[in-house]
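There are two complexes below, and they share chain A, which is joined by chain B in the first and by chain C in the second.
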Partner chain A sequence: MSEACKITVERRNDVAILFTDGYINNQGGEEIARQAYAQLDAGARALILDLEKTRIVNSIGISILIEVLERVMDRKGVLAFCRLTPTIDKTFRIMGLAQYAAIYPSLDEALKAVAAAPRGEAARNP
Partner chain B sequence: MAKLETARSGLDAGSREISLTIPVAPDMEIVATAQAVAIGEYIEMPRDKIDEVKLVIVEACINAFEHAQTRDDRVHLTFRVGRESDGPEYLEVEVFDQGRGFDQRSVEMPSLEKAFGGGKKRGWGLQIIRSLMDSVAITSGDWGTRILMRKYK
Partner chain C sequence: MTRTPTAPPPGRAELWKLLSESLRSGPEHPLPRRLVDAAVAWSGAREAVLYLRERDVWLPAITTAETGGLVLPEPPPQRPLPSGTALWIPLEAEGEVHGHLGLEGVGSEDQEDLASVMATILGSLLGAHRLSRLVKEAEFEVKTRLLELESLYDLGLSLGGQLDIAALGDEVLFRSISLTDAGKGTLVLFDEGGKVLFERSLGEELVAADRVASWNLPEGESVINNAAAAAPTAGMRLSACQKCLAVAISVGGRRLGVLAVADKESRDGGVLDFTAADARLLSLFANQAAAAIETARLHRAAIEKERIERELELAAAIQREILPRALPQIAGLELAAANFPTRQVGGDYYDLFPLSRGRLGFLVADVSGKGVPAALLVSTVHAAVHLQIDDARTVVELVARIDRHLRRYAATRKFLTLFFGLLEPDTGTLRYVSAGHNPALLLRASGGLERLDSTGVPVGMLPNPTWREEIRTMEPGDLLAVYTDGLTEAVDEGDLEFGLARLERAVEERRGLPAARLCDEVMGQVADFARGMPQYDDQTLLLVRRT
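Let's turn to the complex of A and B:
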């Protein structure tokens, strides 16, 4: 029944890419947070959340993503999203998340922007 | 395909309305979205709009699950397909719970600025619903809460 969200992580130097697959609800959000905090503790400067395989992020999941964003900002890091469905993109913009975490259409664009973003500054939205 | 056939048979019967009752239980909101997908595909609603309807159903259901304290441990959904005179077809979703109701005036508008300042990070559901649907009507009282949401094709 449940579309449990699976997270896989890829590390490229000081950038951690978290690939999500499935419904981001409270459990999915908590798993993302757990993996994200582990990467920050292991020295990641930037996190990219690649949501290509996620079609729904509910408001509880979003609230956990806000906690992750807050933690990243506290550490003067950078958080970016990429490959969002139009609905998720729209929802994040409605909430104002795009002001603090840039949204990119592709992973390549996110990687380039994050690499160029100074520590503590949100990567620039395309 | 089975889900689509269920939706099609209900709509072809002339009712233009399908009802679904789900228990208050984890992930049941996803069951409700499957019905919206079937009906959305039946009326050839664009995929992005179907995704928006799915998200608002999720939000309306989890609001009921978390806050309503329903007397029957159920959330009742009705899906309707209609058209306004010469206008486009629409999909209307009614989410009804027999809970304790709430005062809409007491619902604080969420913001990231408040969330970052150590404030609450939850409470985005109603804002998401109102932003993604073409029309939303909420009625609530000690009899429960009814959220009527419409999305034009």
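Let's turn to the complex of A and C:
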């Protein structure tokens, strides 16, 4: 795994999927935030962060993800995570991210859930 | 929403409404920005600046002016302060100043009322915001500590059940980097012999794996070096980092590896010093990891031992099928043989071939190596001898054919020493080739002893080999002893070898005994000499006496 986190974005109607690859630290978190805000500004209603290729996240990365979550909630949008390692899953639950952003085992399940979630309501954690 | 400075100021209810609307709009901006925007909207100021305290220093956090013309007076005012066309308002709540708002271009008739209202309302909002931020930070800190504890607990659980060294190493490295907020890290683990078993880096490698063994880290405690770019860390110059935290992973004083993390990140992109708390956390991780790595290593060793035992059993089965079950009865000859595989199985092989005209062919071979590869080569030699013995016209030709057969069919690049003899019982003529084999012992009935030295190179060792056939005559009563080096190189508890001289004496002293008993007693004497010490090579002895 390289040091720098790479983000690729896929847009499906009003849902933006951000695929992360690498360490979600200060640099990785900032890059996620940049891409997420750009998608929100471009009309995305829901963001899904697919962390399949991320095995490590630090507290700074988490604090940036919390900022992204707050921004999404301010915009009455929806944020969801999918394909987390068990370690990152537990980390997000302890750090409170899972309280307002649902976590799904697969991208398909995340897509279905955010499609069903009305604007302004967090998709329910399964 | 901006009013002209000449318009009359609104009442407090209107101000509150105005503020509420301003604060609700643009929620993507942080509250201090929205406060400033609301203050400008309500007061009609040309520009505004809000100073907030960061680490006991007042800094301009929000400003509407590009030029930065409004500068907080020194010392900061404790009450509203008109300063030329500017007005400075300390934003206070609960007896504490949370910010200083500077407004440029407000009418002097408005200033007193403006200052009073803003100090109260904006001060309260800013105080609440600051308090909320402090609570959030404290919550985050508490959750981070909880995460550390949970991680240590999880690490213990997951490592205890994790027997794959690579997965275990990743778990240790990633959690260490994550929980110390490091930007990079390196983990190197060694096996018992000090060979690198696992190496993994996130980001640039902090230290090359082949240098880690000489890293003089103390046992059981982490070393902090917040000047790692300039000075060595526990004697090791590290590359590609500014600050470093490193710990040795050890069990019972035995070094299992080294874990190092570097360059603790800060939210503003800088590099923070590692703290004593970071060091304590990394030490705890190293302790957990040491126990888990040792468990995984022992588990792996147990699996390896089981695999070797299975392999040896298989090889032993192959060998049992190859060695003759019974010795042939040849008129005019008395035969005896013994084979003790020392580690269940080895590379010794002997065989006897009754041939036409009452002749006897016999062979003792010693294959290099052990285990299944050696047993398979023995199997190949066995096949080669049995296939070629009827077609070969001379002993040399037979050995050459075996050599060619091995080169063509043997799966492994191994070689063997062998002694092949062809004896005519009627005349006592012995033709033999010794391909790099230990000297066979020819004990004359008359009392002498002759060593039959090697007459060529081991089979399968060199390209284009040649061998020389030697001929001796065995008189009635003469005894030929052919053996493998497992006998002469058998060791006692002091690592002393049995040796050729002792073997010669053992055979000579018993030359009058029947061959079978002589064979038993010589093998017994070697076993007595070794006193139960584990031996590293098979022991084979073949005796041929002309009667």
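As a convention for this text, the second predicted complex is superposed on the first by the 124 of 126 C-alpha atoms of A that agree within 3 Å, B and C clash if a C-alpha of one lies under 4 Å from a C-alpha of the other, contacts with A are read in each partner's own complex, and residues count from 1 in each chain.
Definition applied: a residue touches a chain if its C-beta (ideal position, glycine included) is under 8 Å from a C-beta of that chain, and two chains touch if they have at least 3 such contacts.
As the structure is a computational prediction, the values presented were derived from the model and not from experiment.
Of the two partner chains, both chain B and chain C are touched by A:R55. Using the contact criterion defined above for the overlaid structures, shared-chain residue A:T91 touches chain B and also reaches chain C. Once the two complexes are laid over each other on the shared chain, residue contacts for A:R75 go to chain C alone; chain B is not touched. Of the two partner chains placed by superposition, chain B and chain C are both touched by A:S63.
By the touch criterion stated above, A:Q99 is placed in contact with chain B alone, chain C being left untouched.
For the contact definition in use here, the residues of chain A common to its chain B contact set and its chain C contact set are 1, 3, 23, 25, 55-56, 58-60, 63, 66, 87, 90-91, 94-96.
For chain C in complex with chain A, the touching residues are 27-28, 139-140, 143-144, 146-147, 150-151, 154, 170-171, 174-175, 177-179, 181-184, 202-204, 265-267, 269. Listing the residues of chain A that touch chain B in their complex gives 1-3, 23, 25, 55-56, 58-60, 62-64, 66-67, 70, 73, 85-87, 90-91, 94-97, 99-100.
Listed in rising order, the residues of chain B touching chain A in the complex are 26-27, 29-31, 33, 48, 51-52, 54-55, 58-59, 62, 110-112, 115-116, 121-125, 127-128, 131-132.
Of all residues in chain A, those touching chain C in their complex are 1, 3, 23, 25-27, 55-60, 63, 66, 71, 74-75, 87, 90-91, 94-96.
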